Amino acid sequence: MTKDNKDTPRLDEHPGEGAVRGTQRMEIFADAVFAIAFTLPLLEIKLPEAGPDFANELLTLWPAYLAYLLSVLVIGIYWVHHHFSGAIYRTTGHHFLLATLLFLAIIAFIAFPTRAFAERLSDPGSREAGAIFYVVALAALSLAWLLKWRTGCATRDIDDRLDPAYVGRLTRRYQWSTALHAASAAIAFFIWEAGLALAAIVTLAKLRAPETPKYLDEAPEIDGES
Amino acid sequence: MTKDNKDTPRLDEHPGEGAVRGTQRMEIFADAVFAIAFTLPLLEIKLPEAGPDFANELLTLWPAYLAYLLSVLVIGIYWVHHHFSGAIYRTTGHHFLLATLLFLAIIAFIAFPTRAFAERLSDPGSREAGAIFYVVALAALSLAWLLKWRTGCATRDIDDRLDPAYVGRLTRRYQWSTALHAASAAIAFFIWEAGLALAAIVTLAKLRAPETPKYLDEAPEIDGES
Amino acid sequence: MTKDNKDTPRLDEHPGEGAVRGTQRMEIFADAVFAIAFTLPLLEIKLPEAGPDFANELLTLWPAYLAYLLSVLVIGIYWVHHHFSGAIYRTTGHHFLLATLLFLAIIAFIAFPTRAFAERLSDPGSREAGAIFYVVALAALSLAWLLKWRTGCATRDIDDRLDPAYVGRLTRRYQWSTALHAASAAIAFFIWEAGLALAAIVTLAKLRAPETPKYLDEAPEIDGES
Amino acid sequence: MTKDNKDTPRLDEHPGEGAVRGTQRMEIFADAVFAIAFTLPLLEIKLPEAGPDFANELLTLWPAYLAYLLSVLVIGIYWVHHHFSGAIYRTTGHHFLLATLLFLAIIAFIAFPTRAFAERLSDPGSREAGAIFYVVALAALSLAWLLKWRTGCATRDIDDRLDPAYVGRLTRRYQWSTALHAASAAIAFFIWEAGLALAAIVTLAKLRAPETPKYLDEAPEIDGES
């Protein structure tokens, strides 16, 4: 608003990308999908019947609680990184939106393989299949994230004031993460416990704060300030 | 903000349209409906029972996965076009809001005919009825989109800085799409496979980026930039 | 932004009302509740079993379709008026938020009495109870809307640049509407068809555009414009 | 926007906190989670079967109505305080987002212990376990709120223009509330009625308006004003 006009993209730039807009609307849609995906798994926890065993049955629901916890953890971690990436992107063109939709479709789906894993963990006949499904889904999520990132780079929807070296470090970080997730999925078909352990480590590593953006010139002001 | 005052509509213009406001709030409501419609179909995928057949039963859920995929695809495509149209509209009056609600009611509904098609596709006795229902619903969605567009044009909620020739091209594009969808619905009652194929082609054609907005004078700056 | 400072309320005015803020956040929360209430009723439409009767059973689901349609209609109408009122309110204090929550709790609830009416309409033993429940719920919704309006007036969260005569006309309109809804609820206990008809008329009358805001001095610019 | 540049944080401050941004996006995500958690409990109220007993069965659903009411009350109260706190926070760093996610995960979960309490209240064999579960969950919610607050203070995401004495009063208020909730949970294991009563009092006390923010210098303008 108070910046140079040449800093402010115009609606008719980025030919072939439809109506290129700021990131605000895409972020609101994405935040809403994240919020629903975050909250819906609760519906899958069924209240036990009334009776003297009620306390006990509340405790034996632990696989359902675990599924809720894992869903919330994974969706929450990706939401934090999506919130972060909202400071990195600057515009949203047509192809970037399509890549975002693919990523969000997997975010909305992830609760299902999570339940297939957590709610069948105590059943020896089912837990291998559930764990493989879950590890593969986590790998697909990581791959979709990388695809979204590469699309945003290719269509130049990323803030062009960022230091290219910084952008390169992010790219490598996302590539490594996806490579490890792919490895964990491959391993899970042979030794599911090992694949699961690797997927867990890679996922939990995302809890660390991403690197603060580096700019070529002065950093922009924080959005949303009055 | 930095533009001419005469570019900025006032709250008491557009008589007979209630309190004409900017598009932001309508877009947030619409984005939320899209996001919920996008995410809810997951709830219809039921986790198979525990047991040695668990892996197999996860695979035989393919009609439910297909329903999810189709829901997400169609709702996603319309969301991208709605996101695009948010750069085209400039205000929201009473009648435009009502037309938007009709469109959103069908967006929220579309998951049901999608399931009627995808989840009954493998049953010879049901698949024709399911496919016809789905193709008709896709045509209703396209018609509601066109109605929303025509209402926005008639009430002058569309950005009046746009080149009229550009607006005319969009109108024709939406009319053609609706005409083809109507044809696909009519055909489906006789040869459901042909109606379905036509509806699929028209829907997938929407994956292409819409034409970048053309303005009579200088294009506005991108919204949502800090 | 470009207006006089004395037009812009400060965060520490309105003592006893907590942190008085603009209407944006309240509107986003309300829009999200409206959007979910608008979309969730779809989950109550259950897909019929596969088989040669599938087409027929899709048609005999009409009470469920009717319930969806009525939910979407009533929630949509109130959303349009809530969108309108967002141009009327200017700040949100603690008590206005509490009144808004009460109204939204009934918006989120309304789908249930709607189903009790629509899905039991074809059963002679149930339809009177369902209709009474529905008419009473519509009256409660209207009353909560009025309560929210009166609270916003009393705490001066309404835009103080509005013409008091205009505000008075809105107040009378909401009072009349609530009085008629209360009458319809009372009548429904004796002749449910008459109560229902009156409630339907009062509800459909809300489809007309509300009166465009009148200001004492120049009208503010439209929000959300870039 | 019209304020001193030194008042406006830059995106690359707060090292180790990722991309520190304004509070807007976090608030939209949180508002969406609140809105869904607020609305979903309705899905747990099941429509009674058709028949002459329909009116009666609608009335005997009171435990389900009570569960809805309690969910809406508790979630609504926390939403009002979250809305309030949005005027207190100024930025959102990585660790503050993680603490917010933990809080929101419990908000989304709270409907389940609420139902375990309200829907089993009339069963002598179940009600003690349900009440204990509910009181413990309310204590966890209060603790997560306090943790979020302390994290925001520690990472300096709180508006640094606030009077430190005011911030201290809020901290003490949240600590007292959490201490009383913890006491109510401990008591509930021995006398569930007493624990429940204390938890109810502490929760209802949150209905009072929080203290209006006090600033060291002039208060900021209200956000969201056009």
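Per-chain residue numbering starts at 1, and chain names A, B, C and D are given in the order in which the chains are listed.
In this section, contacts are C-beta pairs under 8 Å (C-beta built on N, C-alpha and C of every residue); 3 or more make two chains touch, one makes a residue touch a chain.
Since this is a predicted model, take the numbers as computed values, not measurements.
A.B. asks: How big is the rotation, 0 to 180°, that puts the C-alpha atoms of chain B on those of chain C, in steps of 5?
C.D. replies: 90
A.B. asks: Shared numbers divided by all numbers used: is that above or below half for chain C and chain D, i.e. same or different?
C.D. replies: different
A.B. asks: Would you mind checking which chain's C-alpha centre is most distant from the centre of chain A?
C.D. replies: C
A.B. asks: When the C-alpha atoms of chain C and chain D are each averaged to a single point, how far apart are the two points in Å?
C.D. replies: Each chain reduced to its C-alpha mean, chain C and chain D end up 25 Å apart.
A.B. asks: Could you please state the distance in Å, as a whole number, between where the Cα atoms of chain B are centred and where those of chain D are centred?
C.D. replies: A distance of 35 Å separates the two centres.
A.B. asks: Give the residues of chain C touching no fewer than two other chains, as numbers and ranges.
C.D. replies: 1, 28, 32, 35-36, 40, 43, 220-224
A.B. asks: Can you name the residues of chain C that touch chain B in the complex?
C.D. replies: Within the complex, chain C contacts chain B at residues 1-2, 27-28, 31-32, 34-36, 38-40, 42-43, 45, 47, 50-52, 54-55, 58, 68-69, 72, 76, 79-80, 83-84, 86-88, 207, 209-215, 218-226.
A.B. asks: Okay, in this complex, where on chain A does chain B touch?
C.D. replies: Chain A residues touching chain B: 1, 8-12, 14-26, 28-29, 32-33, 35-37, 40, 43-44, 90-95, 97-98, 101, 104-105, 108-109, 111-112, 115-116, 119-120, 123, 125-126, 128-130, 132-133, 220-224.
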